[in-house]
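First chain A sits with chain B, and in the next complex the same chain sits with chain C.
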Partner chain A sequence: MAPISALAQVDRTAAETQIKAAFLYKFSGFVEWPPKVFARPDSPFTIGVIGADELAAELEQIVKGRTVLERAVVVRRMRRGESVAGIQMLFIGQAEGARLAEILANAKGQSVLTVTESEDALSHGSMINFVFVDDKVRFDVALPQAERGALKISARLLAVARKVVTSS
Partner chain B sequence: MRRLLATLSVRQKLLAVVLLTTLTALLVAIAVMVGFDLRNYRQSLISDMTTQADLLGRTTAPALTFDDPRVAQENLELLHYRPQIRAAAIYSARGKIFASYSGRDGREFPKLPEADGTRIEGNELVLFKRIVDSREILGTVYLRADYELYDRLVGYLGIAAIVAAIAMLVAYVLSRQLQHIVTSPLLAIADVAREVTEKRAFSLRAPKLSKDEIGMLAESFNTMLAEIERATRDLQASNEVLGREIAEHNRAEQEILRLNAELEQRVKERTAQLEFTNGELEAFCYSVSHDLRAPLRAIDGFSQALLEDFPKDVPEEAQRYLSRIRSSTQRMGQLIEDLLNLSRVSRGGLERRDADISELARQVVTELQGREPQRKVDISIWDGMRANADSRLLRAALENLIGNAWKFSSKTDQPRIEIGSLSDDGRAVFYVRDNGAGFDMAYANKLFGAFQRLHSGNEYQGTGIGLATVQRIVQRHGGRIWADAKPGKGAAFYFTLESDGVERASPDMAEAQA
Partner chain C sequence: MSAARVWIATIAALAAFAANAQTGKPSDLADLSLEELANLEITSVSRRAERLSDAPASVFVITGDDIRRSGATSIPEALRLAPNLEVARVDAHQYAISARGFNNTIANKLLVLIDGRTVYTPLFSGVFWDAQDTLLEDVDRIEVISGPGATLWGANAVNGVINVITRRAAETQGTLLVAGAGNLERGAAARQGGKLGTDGAFRVYGKISDRDHTSRANGTSVPDSWDSGQAGFRADWGTAAGAFTLQGDAYRGTIDQATAGDIRISGGNLLARWARQLAGGDRVQVQTYFDNTAREIPGTFEERLNIFDVEFQHALRAGSQHSVIWGGGYRRADDHVSNTAAIAFLPADRNLRWGNLFVQDEIALRGDQLRLTLGTKAQSNPYTRTEFLPSARIAWKPDASRLVWSALSRAVRAPARLDRELFVPGQPPFFVLAGGPDFRSEISNVLELGYRAQPSRRASYSVTLFHSVHDHLRSLEPGPAGPVIGNEMEGKTTGIEAWGSLQVAERWRLSAGLLVLDQNLRLKPGSGDTMGVAAAGNDPKHQWSLRSSLDLPGRQEFDVMLRHVGPLPSPAVPGYTALDARYAWHFERGLEVALIAQNLFDRSHPEFGAAATRSEIERGLFLKLRWSL
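Moving on to the complex of A and B:
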């Protein structure tokens, strides 16, 4: 809810985490999921987080009391190898490192919006990848991956993306 | 305005009315249209700008969401396709300027966004609009756009002026073309009316060119003209009759004048004849009287010689007869003398000089007293009586008048004679008055005729020629003489010596006049 522009200078990492958490939540407003991703009408909107506990904690704070697509929002901390079934958005922290490609391959073809914060993550199949430009958090978008997952990313989101990859 | 209109011709008035009406209608129409358009303009501008703000909000919402002022800036930069928008800005939800755009002129932006709304600031429209996405306020759009109300108004006024000019021109040309429909019948009547007034040609008729009120006017005018024509004809006819009568009258008058002149001429001729005859008569009378004196003197002389030379030889009775012959011849001599006097005063020249009447009267009286020194007569003569007259004739007249007074007062107890003058209308009137025998005024008209005697020769001696002589003298002076008397109470003779222009004196006074 709070504007994101004010970047805390005290603790750069903490601020960065906060911003990324907020962005994550806000991505949900610009992406369209196929209806079948929700098992039941009252199924919550679930955001899976791997390898980024602080961010998960932050995200939990943000989504408290909020809804996405008129559904309650749930943050699920996940482990490697865990199925992505019932998850609509998956954030893979930098901490996963070399296991990134594996996790992405696991989610490949699923209607799960994959968000990463690692360099070159898009080439590994990530849909949105955070980057750090001029002390600001920005992101790149890879459309082919999203299309494979039957996700539609709003052009308005693309407009603010640093880079949009349209073909692999 | 009305006073100005009143001096124009009908044509100009019509034109003025048409132009005024056109102008008024045009101005009202333009005013309404402009008002409507400006209202529309304002509404559409606000609506347009609101839409623009919404669009901007929606476009910049992701930039705000993901804190990307650059993108917002890029979005704003697109506004340069709309030069009408002078400035725009995006405020973040915290009220800081997130991105800004200024068109032609750099300008300051409000420090803080305001609540949603639009307002006009001079010739600019200012708009604030919240950016709301997913029920979250992301920021505020600020727009500042040209509000060209005044420019448009000025433009409209220019257009209105041009349109008005064109419309007026068209109206002017049209009404000039069309007004003759209205004015030509009127002007035709006016022309006829002017011609009728100037030439008094009542036979003219106004053409009826239309079937409206002007046509009715022409008809009425023609009826009136016909009426006037008839009246004029009647008047002319009666004038002619009158003229003939006057001419006749003039002819008659001329005839009378001619007759009068003829008459006068005849009178003049007769008068001349009469004067000639009179002159002849007088000459004859003079010569006869003159020639009669010689034998008379012989008779008287020889009678006297008989009486004186032969006192013893002539018997007493014969002497008595001779005395009577002598007195008769003396009387006849006197008569002849008087006749000659009368004749003399009638002929001869009139020499007017300043004559002293008082002195002349005194001489006459002295002479009379010398002849009869035994008589005691109270005579008074006024001093200083003068006149411009022939003193010889005047003396003859005074001799007769005073002599008469002397004579007819001889049987009065205390005879009195007064010679004086009085003034009548500034003219001197002289008189000789006595208290003698007088006479009856009934015979006054015979008084101045020759040989007329009111008293018998036995009573008073006289030839009856004296007053005729006096009258002649007075007449020759241009004066007149008249008398006033009563039997036994004396007589008064008045005379003037200059013309006084009085034709007739009072009827109870005997008078004669030149």
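Moving on to the complex of A and C:
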């Protein structure tokens, strides 16, 4: 219905987006990347975002003036088919829909922490997938995919996860 | 810039503002721990969003969490949480609910929607509250907009709009069981949610309840005990880019009455909504529904009503300054009334049609700081010529935490069947009452001035001043046999609506609301009305409420609401102060046990109606179990 409803819906989605963006930033502190993922000692920590412009905007606000692994943080808005080289974390928004599997396949086996917000995304190769449970933003983790990318996910992050998939 | 961007920018600015004002270091979501983030309820976050709403209108949002913490078991009881509404319980099943005056059991100046479905009846342009229900646990929020919302919503939104919005099916997955019993009512409900394919979800629910009869002040019992059952479903497919919703409900209810057998109500509805985000941020939505209701009041009348409704809307951006919404709708009602000797609607069978077209342009005059919203709606109705409902709103946002707004609107309450076609008794001569063949639309011109502010991250408030000038209000004029319904009343309503909330501590929230109302109605010179202005409504001059929500260690909750309603003038109803309280325990595996007490201050009190015939509303105790599996 009319605009106030629409606005409230947008607000709600915006709140969800804010929380997801905060999670993405937090994840970086609970995952260990192999040192080779950074080309140079001063290479920034780069978070790629596909199909989620508003989340990217929110994330840009969050990372302003913050560091990850003592590196500057860069948010890169990416297009489908773009190489994931130089990316440490990749968020694929729901807007990508059916193209999710294709994008995940592209990142498979690389040391890129893939994060999604679509049902069944873990079965398509995503490592962390956001779910909405009881008004809260939670996430599921798939360990085998992370291991294939030589990423180590800390026990504390796993403890907060709603569900941890241990075998593929 | 999309609305979401504006909002995010607002939040970011506010976070910076709050950070500077309070702690001097950044304090936003990213500073929370993983555990804290995972426990952050969107409802509480969106409540903050609501406080920052840019809507240049008097909007109060009752969240799903507010409803849960109030212990309300029906939509009307939940509406007591809105400071900008007058809610008076008449008996076991009837309520008088209005905004900005004119309250009555046949109050007719509110537009009430449940998930986009208009639920006021064309019989009298008011709401049969005993036929409006849903699973309250699945309600996402109730938006209460006081003041004219006619430009976008419809001709009945003279004094306000109530928008009940349920959650998407994806947000109500799994099993939920609810059961409760108390000295005045008992009820049980179940809901099951699940997935449909890769991008769909559904839920089905069923609920039953029975409520005891009420009593008069002298202890005489009033035969109005009420039992009801309802079942329904909702299915949603797709994403924000393209979504489809199908939902429906079916209900029945039986209400005792003094003579001639029980009142029976029943009905069902089915609604489909399709929304799509187009390239460039445009959005289109098409919605259609069918709604059937039946009400059988033995000895009085019987009604079967079928409504078909379809509407379309398109939101687009034109250039960098204009956000335009336009659309239209068509509504058709087939109403069949079985008349009795007591009263009659003539003709008994009636086909009614309404059509509308609307357009609204929100113009950014100085970025997001100053916005002008101009709109109008043209609405045809079965009785009068096409009515135009224009409004102009201006909003000035000097910074992210303050909003000043003002609005000038023309609202129209188009004739209902009652105004034109009601006759008492059911056969001539109609010496008690006759519908007015020339009854025209009631008109209100309304000026509003509002201020909303969030002085800190923990506090927010809203104040609205309004002044309405009414003309052609309903009156009873002398006719050939008896009174005939006419339009010879006019008047003014002036008032204040204010509310605010304060997060005293992380676990303690206080909210307050105030309504002050000054209504001056008079009959026009030449009117022969004998009922007087009291027939137009019975309203308190003031009401206020205080609410405390406290989270205690060990996952316990303690909620208290103190509310006061001033005396009603005619018929006289004494003012009252009521205290409601709720204590809840949360156990493992999603089990919540709550003890709810209502009207703790007195054994009983009346809220509406004449002393000789009115019911007392008793103190209630209720134990509620809610188990989400």
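Rule of thumb we're sticking to: the second predicted complex is superposed on the first by the 158 of 168 C-alpha atoms of A that agree within 3 Å, B and C clash if a C-alpha of one lies under 4 Å from a C-alpha of the other, contacts with A are read in each partner's own complex, and residues count from 1 in each chain.
Just so it is clear, a contact is a pair of C-beta atoms (placed from the backbone, for glycine too) under 8 Å apart; a residue touches a chain by one contact, two chains touch by 3 or more.
Computed from a prediction, not measured in an experiment: that's the story for all the values here.
**Q** When the two structures are laid over each other on chain A, which of chain B and chain C touches more residues of chain A?
**A** Of chain B and chain C, more residues of chain A lie in contact with C.
**Q** Which partner chains sit in contact with A:Ser43 here, chain B, chain C, both or neither? Use first/second/both/neither.
**A** It touches nothing on chain B or chain C.
**Q** Check the residue A:Gln94 against both partner chains and state whether it touches chain B (first), chain C (second), both, or neither.
**A** Touch status of A:Gln94: second partner only.
**Q** One more residue to check, A:Asp120. First (chain B), second (chain C), both or neither?
**A** In the superposed model, A:Asp120 contacts chain C only, not chain B.
**Q** After the superposition on A, what does A:Thr17 contact: first (chain B), second (chain C), both or neither?
**A** Touch status of A:Thr17: second partner only.
**Q** Which parts of chain A are in contact with chain B and also with chain C?
**A** Shared contact residues on chain A (touching chain B in one complex, chain C in the other): 1, 3-6, 19, 23, 26, 30, 136-139, 156-157, 160.
**Q** Give every residue of chain A touching chain B within the complex, in rising order.
**A** 1, 3-6, 19, 23, 26, 29-30, 136-139, 154, 156-157, 159-160
**Q** Residue numbers of chain A touching chain C in their complex, please.
**A** Those residues of chain A that touch chain C are 1-8, 10-19, 21-23, 25-26, 30, 54, 57-58, 61-62, 65-66, 94-95, 97, 119-120, 132-139, 156-157, 160.
**Q** Could you list, by residue number, the parts of chain C that touch chain A in their complex?
**A** Spelled out, the residues of chain C in touch with chain A are 2-5, 7-8, 11-12, 26, 28-30, 32-35, 37-43, 45-46, 48-50, 52-55, 57, 59, 61, 64-65, 113, 116, 140-141, 143, 145, 149, 152-153, 163, 165, 170-171, 173, 195, 198-199, 239-241, 283, 313, 315, 325, 360, 628.
**Q** Show which residues of chain B lie in contact with chain A when the two form their complex.
**A** Spelled out, the residues of chain B in touch with chain A are 58-59, 61-69, 71, 92-94, 96, 98, 133-134, 136, 138-139.
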